[in-house]
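Note that chain A is present in both complexes that follow, paired respectively with chain B and with chain C.
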Partner chain A sequence: MAPAGPRSGDAIFASVERVNAELFTLTYGAIVRQLLTDLEEVDEVNKQLDQMGYNIGIRLVDEFLAKSNVSRCVDFKETAEVIAKVGFKMFLGVGASVTNWDAEGTCCSIVLEDNPLVDFVELPDTCQGLYYCNVLSGVIRGALEMVSVPSCASLSLVFSSSS
Partner chain B sequence: MQFFGGSDISPSPPAPTAPGNNAHMIYVFNRNGVCLLYKEWNRPLHTLNAQQDHKLMFGLLFSLKSLTAKMDPTSAEKGNLGVPQLPGQGCSFHSFRTNTYKLSFMETPSGIKIILVTHPKTGDLRDSLKYIYNLYVEYVVKNPLYTPGAPVR
Partner chain C sequence: MIGASKIKQYSNVLEKPLSKGKQEVSLSAFAFLFSELVQYNQTQVDNIAELERRYGVILLLQTMFLGPWAAGSEIVHNQLCRLEDAGYAVGARCLELLCHREKGNRRETRLLGILSFVHSTVWKVLFGKVADSLEKGTEHEDEYMISEKELLVNRFISIPKDMGTFNCGAFVAGIVRGVLDSAGFPAVVTAHFVPMEGQQRPRTTILIKFAEEVLRREARLG
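Presenting the complex of A and B:
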């Protein structure tokens, strides 16, 4: 029997267990708030969020591979496409698009249409420079490392948010 | 494959071809060669101690993968024999059969290898291996108390 092809992000998202979106957003906000209180330095918080994301990413990649059935991507462009189209759809339920490829094809931007993490969030002036969604870049870094795509640790965030 | 619908997530394992327990042994390795899980149900002959057995199995699979990729008639030349291949790249073997047993193998891009040794008359076990991988994800990866790279008890 021929192996099944890769499944679409929508189909998988519809079939996994989901949590309430507001619960997720508010929990994440509480985490960031607590980190800011504990660590006080914006850079420390960024690093901690990245580390948390990394720990999530190294486990997430197995679930992603098991549910989505994608085969190994041929090059980085395909990898970025798969992350944006299937990965984000499957776990966050939002679509993302890949833009801003540099000349060598080594660097790109993934733009989320509608970031669920930043609903209801306003950054005060004391926290400029905080990468609020740094956990997402940590997740991607961890996941890519487990499939042997060496990626640079400082993925800078170009997530467009509604706020 | 949209028409399979939601039930395709955890497909029920295919029915065994013979009555009774079909499998002899199962191994699960991670990308560094650490044996995460080893279970045996029917192994009359033990020739090596556990450590050597795991190392032998891992080495066997590593060499077989290199060999099958190198001998692939359909792909372009991809480096010399012995150069480690990324998991999933090139062609990958999925089973071999002897007169006494059949060994089925599945490797994920993240380096998790699942090996099942069964009765030689067993059919294609790739779906069962995928099902086992789903179980691994569900219960091992999602367990907050599990550290990646540690053996599963």
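Presenting the complex of A and C:
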């Protein structure tokens, strides 16, 4: 029997159970607020968000591989494409695109047009320097480490949304 | 890229048009995020308990006289408070959002009105379905209960025996308290497991106990 081919992000997203994005957004906001109250330093909060994302990523990758049926990626370019097209679509319901490749092909940017994490959010002046969505970079870092991609030395989040 | 549309830049988040609320994320994304919230609170509370152990005599006395379970329940209580506080923030914002979007800027002023708002509208928007049941307490006038067979937040969570009464539904209890408090109905809201006959997983009940002033006002309004 021929193995089933990889499924598209849309198809998987349509088949999984879904919840209202606003619950997700507000819960994430509550988490960030708690962290800011507890840790106070913006750098500490960034680190903690990254750590939380990492913990999520190492477990999320199992579900990703099970549901998406993707074959082994040949190179980093393919990996980035799969993350952007399938991964983000499957979990967050939003598509992402990959841009800004450097000459060696080791560095790229994944751009989210519509980020559910940042609905209703505006950073005050006291929190400049806070990477609000740092959990996403932690997730990617954790997931990649679990599938033995030599981990990115630095995954930083650059806000490039419509807000 | 040909024909990319120019995305309108908003200087202020308040100027951005409000979404219809139909966007969804996968359940597992929310479940992962919620589990991180719970785990983070566990580590924080361990730190608080550690702090108390080093500098506070109270916890020591409690442990000496009441046994180790008393210290354990203190830790559980702290964790519940933190989860509830997180939920409170969500609830306060939910009220504003839903009153504007679903109710045409009208906010309920009567007790039964706000309870059915929580039971149907809030539940429908946040969890995709109305709550299983809304009951009035038989023993006390000021108690109401919203029951749910399986709370969405508890779906992938199992509580180890030594955590005793810990219920992650405290987050949902916090949401309800946030909605009620912001609407002008101060209340104490808690989440409880109610074992059901023939069911493996217990039912969850959100117990709402309104403050005196709410009942007095309600009586005055007739």
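Operating definition for what follows: the second predicted complex is superposed on the first by the 161 of 163 C-alpha atoms of A that agree within 3 Å, B and C clash if a C-alpha of one lies under 4 Å from a C-alpha of the other, contacts with A are read in each partner's own complex, and residues count from 1 in each chain.
Here is the rule we use: a residue touches a chain if its C-beta (ideal position, glycine included) is under 8 Å from a C-beta of that chain, and two chains touch if they have at least 3 such contacts.
Predicted model, so just to flag it, every value in this text is computed and none were measured.
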Open item on the list: Touch test for A:T27: chain B only (first), chain C only (second), both, or neither?
Closed with: second
Open item on the list: For A:R59 in the superposed arrangement: first (chain B), second (chain C), both or neither?
Closed with: both
Open item on the list: For A:D75 in the superposed arrangement: first (chain B), second (chain C), both or neither?
Closed with: neither
TODO: Would you check which partner chain A:D102 touches, where first means chain B only, second means chain C only, and both and neither mean what they say?
DONE: neither
Task: Residue contacts on chain A - larger count, chain B or chain C - done: C
TODO: Go through the superposed model and pick first if A:M146 touches only chain B, second if only chain C, both, or neither.
DONE: first
TODO: Pick one for A:E40: touches chain B only (first), chain C only (second), both, or neither.
DONE: neither
TODO: Mind working out whether A:D125 is in touch with chain B, chain C, both or neither, as first, second, both or neither?
DONE: neither
Task: Where chain A meets both chain C and chain B, residue numbers - done: 16, 59, 63
TODO: Could you pull out which chain B residues touch chain A in their complex?
DONE: 1-2, 4, 6, 8-9, 31, 86-89, 108-112, 124, 126-127, 130, 133-134, 136-137, 141-142, 148
TODO: Could you please specify the touching residues of chain A with respect to chain B in the complex?
DONE: 1, 3-5, 7-8, 11-12, 14-16, 58-59, 61-63, 65-67, 70-72, 146-148
Task: chain C-touching residues of chain A, taken from the complex the two chains share - done: 13, 16-24, 26-31, 33-35, 38, 48, 52, 55-56, 59-60, 63, 90-93, 113, 116, 119-122, 135, 162-163
Task: Footprint of chain A on chain C - complex, ascending - done: 7-10, 12-14, 16, 19, 21, 23-30, 32-34, 36-37, 39-41, 44, 82, 85-87, 89-90, 93-94, 97, 125-128, 152
